Amino acid sequence: MNGSGILDRRGTIFIVLVLAAGVLVPASNLLLSPSSPFYVSDYLVPLLGKYLCYALLAVAVDLVWGYCGVLSLGHGAFFALGGYAMGMYLMRQIGARGVYGNPVLPDFMVFLNYKELPWFWLGFNHFPFAALMVLLVPGALAFLFGWFAFRSRVTGVYLSIITQAMTFALMLAFFRNDMGFGGNNGLTDFKDILGFPITAGTTRGALFFASAIALVGGYLICRGLVVSKYGKVLVAVRDAESRTRFLGYKVANYKLLAWTLSAMLAGVAGALYVPQVGIINPGEFAPANSIETVIWVAVGGRGTLVGAALGALVVNAGKTWFTGVLPEAWLFALGALFVVVTLFLPRGIIGLWGDVSERLRKPKPDQVPEAEAPAKAAE
Amino acid sequence: MLKVENLDLYYGAAHTLRKVSLEATKGQVTCVLGRNGVGKTSLLRAIVGQRPIAGGSISYNGQDITRMRTYDRAALGIGFVPQGREVFPLLTVKENLETGYARLAGKDKYVPDEVFELFPVLKSMLGRRGGDLSGGQQQQLAIGRALVTRPGLLVLDEPTEGIQPSIIKDIGRAISYLRDKGDMAIVLVEQYFEFARELADSFILMERGEVVARGDRSGLDGDDVRRLMAI
Amino acid sequence: MSLVHRLQTAMLLLAAVVLLACAAPASAQTPAAQPPSADLAPALEKIAADSYSDTEAALALLSTSTSPQAAVIVAALADGRLLIDAATKSVYVRAADGTLSAAATGATVSPAPAGLKAVRLNNRVRRAIDAASGALSLLAPEPARRAEAAAAVFKSRDAAALPTLQAAIAKETIPSVREALEQARAAILITAPGISEADRLGAVKLVTARGDQEALALLSNLPADATPAVKTTAEQGVAAINRSLAMWNVAQNVWYGLSLGSVLLLAAIGLAITFGVMGVINMAHGEMVMLGAYTTYMVQDVIRTSYPGLFGWSLAIALPLAFLFTALVGILIERLVIRFLYGRALETLLATWGLSLMLQQAVRTIFGPTNKEVGAPSWMSGAFQVGQLSITYNRLWIIVFALIVFVALLVVLKRTSLGLYVRAVTQNRRMAAAMGIRTGRIDALTFGLGSGIAGIAGVALSQIDNVSPNLGQGYIIDSFMVVVFGGVGNLWGTLVGAFTLGIANKLLEPFAGAVLGKIVLLVCIILFIQKRPRGLFALKGRAVEA
Amino acid sequence: QETIKVGVLHSLSGTMAISETTLKDAVLMMIEEQNKKGGVLGKKLEAVVVDPASNWPLFAEKARELITKDKVSVVFGCWTSVSRKSVLPVFKELNSILFYPVQYEGEESERNVFYTGAAPNQQAIPAVDYLAKEEKVQRWVLEGTDYVYPRTTNKILRAYLIAKGVKEEDIMENYTPFGFADWQTEVAKIKQFGSAGKKTAVVSTINGDANVPFYKELGNQGIKATDIPVVAFSVGEEELAGIDTKPLVGHLAAWNYFESIKTPENEAFIKAWQAFTKNPKRVTNDPMEATYIGFNMWVKAVEKAGTVDPDKVIATLPGTKQANLTGGVSEMLPNHHITKPVFIGEIEDNGQFNVVWKTEGLVPGEAWSKFLEGSKNLVADWVKYNCGNYDTTKNACLGATK
Amino acid sequence: MEPIAQSLLYLDNISVVFDGFRALNKLSLTIEEAEMRAIIGPNGAGKTTMMDVITGKTRPTAGEALFAGVHDLTTMDEADIAQLGIGRKFQTPTVFDMHTVEDNLLLAVKSDRRAFANISWRRTSHEKARIGELLERIRLKDQRHRKAAELSHGQKQWLEIGMLLAQEPRLLLVDEPAAGMTDQETADTADLLRDIARTRSVVVVEHDMQFVRDLDVKVTVLHEGSVLAEGSLDQVSANERVIEVYLGR
């Protein structure tokens, strides 16, 4: 079978688990009494929702990195742009309930003496428009960026570093107070979404459910792509880009499609993330965030989609937990986790599954073949 | 000199070499023959230490080198010309040759004249990067590089691949010259049968990871060999 | 104030200064009592009140005082050695050796009364002190002090100092000091009211020749009574100065760029080895830099507490130690982690990121999260002028240092067998081993070398940046940018890349501002990579594509 | 035994750890001391420390964790404005109490937050007054990091200066990014601006790490305090501990507390702090004092209300008085800000500040600036109006604030 | 111009210079429809470089390269050239290591190369049959599910030949197909190529004279970047210069 169907066993289990969580978590939060052992607290719902968004982001990164060999150190930018699009919608929803009571201008604009809404804020009071922008803004940026970069055959670390430069530049830009996006403080203090109060349990539950659906949807889209022949070409591009060209494939187009799609998924993840954590600010553009995303993928298992999602979950849950129980030493724990995973789980956490199930099927000699390919300089 | 006994080698679960034994002596050329994919390259890589083995032993000059690291084996004098050339692409031709100095004492750190006699093209391209050379030039470089180390055992994996006929003849002459000097043992994998037949003092013939025939030069003309080399 | 009166004061002042010039050094030596000078009394009274405006007023009085104690008092005030007894309202001077004397007479007082406190200073008072001591030392015997005094007067433009200045100019033999004195006079002539047109014109010319910002300030703030002729000459002067300053400005920005470039180079050059040559995406590189900086801190700490005399040498001592220490850490990291990851370049990113988190936290745990003070030895502080170019010593040294490191590294990599083996190992580890190269040792040495160089970069960066656990984070992105921009695996690329980015940044900054400038630069890098997808010094040919 | 939990929400890693870790330790010290005195309401206090890691969304998450999972009664935390903004909705939603101990840009008053750091009128404006009066400054460089606190503060200052008759061309506003390290050009620009013949000063709202290289560059380019003084609002003893201050003598800072102020309370506090951190050189600073005041106010309010119930404590807090460390008595105002003295200190060569000026009495913190167009009509009064942004012209509480 | 339009490949005066070194020197060559041509020449003569020029990997410094009389190969990118119907086997076998043998062939099989078309792709029975056939031909049937990385050198050679066939190009450029093969396999490869050349054009580079003899086609000898001799193998083997620089004595 070698995984050519859209749904292999691993994928099915993954989807079932995510969907089950999507239903059960909000349900137990809303329906059960807090004393019940199965009660999911108000604190956990948005937290888990956040993880789901991260997982979607990781899946998006894995599509381009794991399958297409494009190591993006700038996916945080697409995530953040999607987040900003959503944040702008949520800001507009505040209406006259801001501290200055201005019906049109968000608070930060009032105290920066804006007289009217900047043009790029227009339309964001309509949800459909905002939702469209969630897809279009990261998509368009990615398309533009990819169009140039892939056509110029920028590859390897060069591509990685310019993606980093991109997100870094955006970060600096969004930090600027004059950009009209709230500067360092970003957008926050949201009131409601689609007319529902954002802090209500039901809204939280709905957002959680939406995140689960988005994750499953994103997974299915990516999975559909990678098992198709298109996906095989992507892998070919990853391993021997120029050889693929000699077979007549327009490599740039293949990359561009995956790249743009991935950026849009990242945008969706960002858009769902914002209402659940309640803030979007330029820190999301920080290169370190993008690097971390890549690390989730690596921890989970690059090139496996499910692994990427799993990695995002594990690392972030670890972070939440460590920062709570080991506030002074959690970086040791997290750092050690990364080192240990690299050294002992070369194929990530998901590789563990593969190893175990393989070992159960056929015992193999204790010989471990050493790294095969001669290392090429940094690429 | 070199003694390989009952070698077993796996790729993952695939049992690729089964109890392969081989001997090479000073002043002789030992040929390893066999069709594509029977395990010739795997055998050579095990000898130079690039592949871990699961069973069997390798000794060199009476010393057990089964568990020795690649570079220590090289330091003992095992020179290797791999299949696929593996020149250092970004080093110049000169630098490629100089990597052979690693095991040499200070006074020996020069490129022996025979290298340039054998492959004059290398001399004219000393400053060019290895990766820029043509395929055949790279192959010549790979052989020359191995000779720089003044090996006591020279392990050659299809050295004539991609080389123009005249130079193949030269290489043949060179190998017999080296053999006749008497201070070097040579293990040669070769598909080009004529070439092998002319040089081989002894041979082993492999089939699916096993040695199915062995003998001296005269054995090469046997029908068995011809049949087994056929498709 | 009538002219006569002014002349009188001037004469008095002149006399006082001449007297002072002879007496001041003597009185510092011998605390022999002087008869209390009548004109000191009001000044001391004001000082005893210990309010800033009173002290300032007192200084004005002191600068015209005829008493030789005036200079002593001013000097003591400047150093915080002027003490008052709040109860009795009396003022004392504490000499450098600790002996106490009455300010008014210079008579030694012992035992010291209890409850003395130093006269408080603020910037306004400090400025008044500068002006007063400037006026008082225009005729000092040491040329350097005279020059300083002239500069102080140039700044204060204190018309009262004019007569003394005239006297000083008449006496002056050293041309450079004379020029300074004349410029000081010119400054007064331009700003003081009621100066003749001819004098002013001469002054304007003199000041124009000076050609710097201060000259510009002087010329563009003529007093109301300046005649049209003076005004036009000044305007021409302003235009001329502006023209030349514009050129100097470009030069200055290029210099800043060079200096920023050298910092980038230092930060990146270790990475050019671990990443550029070895192919390890070394996210812990910044932490190596940080460790180097902390080594400097440790060295200085030991020196400060145990061998204060060696402070001037602290950086020289720190350099080898930082190199060794970080190289050792690098070797450890390589042996324990990185060596299992060759051939899996991308995973080195993950592991080194983890290591960088751990190193940061380790330093935070050991040294605390706050900045550590790393001082600058005297040869690293201050600035000098080349024309209108102001060059700071620390930046100059850093540039020199960066270039030395670069050349040394180039020699190691190009001229030693280590360099050859390193490149062989990274291009094909398996084959390198088959050639007899001890790959493990080479890897460890190379990573150690890269880390060690990062460490000595840390020594240099400790001079201009925070020494805190976050130090490395600030440089890691820029370092990667430089290495990649220059072309991975090419040391010259790193050099040219660092200086190009540095200079471009500094040329952009004045127009676009620091934030926009940086954004523009990043966008330029992105566009540039489109043009040259393998960096500035791209390797070409089959060798690369294969 | 049952305890009262106190949340500590300060970054212990990342860029802000450099400043915030101290405050975490300060809270821990005060809790320890309070427990020695028998705790609060007969119960011991228990600190719950988490690390939001200088990551703003993580602040919100951790705040939620503290309140819902750990059930803390009060939280001491945040440093940057954005971290406060990020946790605000959480405190509102879950109705808990945050004490915020850092000077900030104002323009805010929330029911659940108590601001014990300085509002702009308690730091920026007095500093400018001092420079104008004492140093006769006529030309102003407003140099800041590009984010909301400097932007807003400078907006207020600009309006204030212009109202005082300073000309537009005598004000230069300039912003640099976070963590800016190469100050050569900026400092040269300041030097140039300052050589126009009028007395010039720099009002620095440069944030965090960027200060050290800034001051180092000032020293290198030979800008002395007597030429162009710099007054900073975020450089305190802690920051100076990382710099060689000899070249900086005379530069200024405006704070509501300096370690060098000699009062018995302060001496005791410093002693306790150095004993607690087992470091005889450890310095104290203004946000620590703000934490100290806030902590003690909370203790008093809880004792008075007899419960930790947030509503009751919030209602009790306004009017609570607490002796500060500089000899006065600060009071929590109905706008949830406190009264504070303002000091101007000059940097000394030992890394401490010499107080050169102070306000007559205590200055009440103003949530809304009179110098900003949008907020000049706003007042915050949680006692009278139960509103943080009451529009005195419309006589209405704006927006949705409860 | 008449003959130009007719010949499938037309190279005229092609020069390639690498920092001063002339790898190709005014090389001219035409290949007709359904012609097979063997190219021999010393190492470094420029044979591979010539193929690089034809497939768009290397841009000539000067000269003209036309395909089917109309397509200017010097301005097109690799993918477009491949889509015109020029297929290539590299000197060192290059296959997709992480793909199975079967998928390697699948990627090569003639089909719509556009990205979107391949998303909604279903394996057709035609493709299946074709791949089966090819696997048979290159004798890798047993290895079909193995990763290409695990193949031996010779097996990779065969796989790459298979991929070339799968593309069904109009012009096949085959760089040293027999290297690393046994004599039997070499002969077999010759058969295969002769077979193909009945309908398509083939350019073969090889140093194995026996193989070239088996092909029995016109031979072009390159030397130092230009044509040294042309004719049947026997003719060129008799050429003194050819013996001197290439065949040896």
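We call the chains A, B, C, D and E, going by the order they appear; numbering starts again at 1 in every chain.
What we mean here is this: a contact is a pair of C-beta atoms (placed from the backbone, for glycine too) under 8 Å apart; a residue touches a chain by one contact, two chains touch by 3 or more.
These numbers come from a predicted model, not from an experiment.
> What is the set of chains touching both subunit A and subunit B?
Common contact partners of subunit A and subunit B, which must touch each of the two, are C, E.
> Taking contacts as defined above, which has more of them, B-E or A-D?
A-D
> If you average the Cα atoms of each chain, whose average lands nearest the overall Cα average?
Centre-most chain by C-alpha means: A.
> Subunit A to subunit D: how many Å between their CA centres?
Chain centres of subunit A and subunit D, defined by C-alpha means, are spaced 35 Å apart.
> Taking each chain's centre as the mean of its CA atoms, how far is subunit A from subunit E in angstrom?
Centre separation, subunit A to subunit E: 44 Å.
> Need the CA-centroid distance for the pair subunit C / subunit E, whole Å please.
Measuring from centre to centre gives 66 Å for this pair.
> Quick check on subunit E: which residues sit in contact with 2+ other chains?
18, 57, 92 - these are the residues of subunit E that touch more than one other chain.
> Any chance you could list the residues of subunit D touching two or more other chains?
In subunit D, 12-13, 146, 175, 177 touch at least two other chains.
> Where in subunit C do residues touch at least two different other chains?
360-361, 427-428, 430-431, 473, 489, 515, 518, 541, 545-546
> What part of subunit E is in contact with subunit B in the complex they form?
Residue positions touching the partner: 18, 21, 41-45, 47-49, 91-92, 139, 150-155, 157-158, 176, 179-185, 188, 207-209, 245-249.
> For subunit A, which residues count as touching subunit E in their complex?
Contacts found on subunit A: 2, 224-225, 228-230, 232-233, 235-236, 238-240, 242-251, 253-254, 257, 372-373.
> Touching residues of subunit A toward subunit D in the complex: what are they?
41-43, 46-47, 50, 94, 96-102, 108, 110-113, 172, 175-177, 182-186, 188-191, 199, 277-279, 281, 283-284, 320, 323-324, 327-328, 330-331
> Under the touch definition given earlier, write down the residues of subunit C that touch subunit D in their complex.
Listed in rising order, the residues are 52, 120-124, 126-127, 130, 155, 213-214, 216-218, 220-221, 252-253, 256, 259-260, 263, 360-361, 364, 368-376, 381-383, 390, 392-395, 463-470, 473-474, 505-506, 509-510, 513-515, 518.
> Okay, in this complex, where on subunit C does subunit B touch?
Interface residues on subunit C, with respect to subunit B: 417, 420-421, 423-424, 427-428, 430-439, 489, 539, 541-544, 546.
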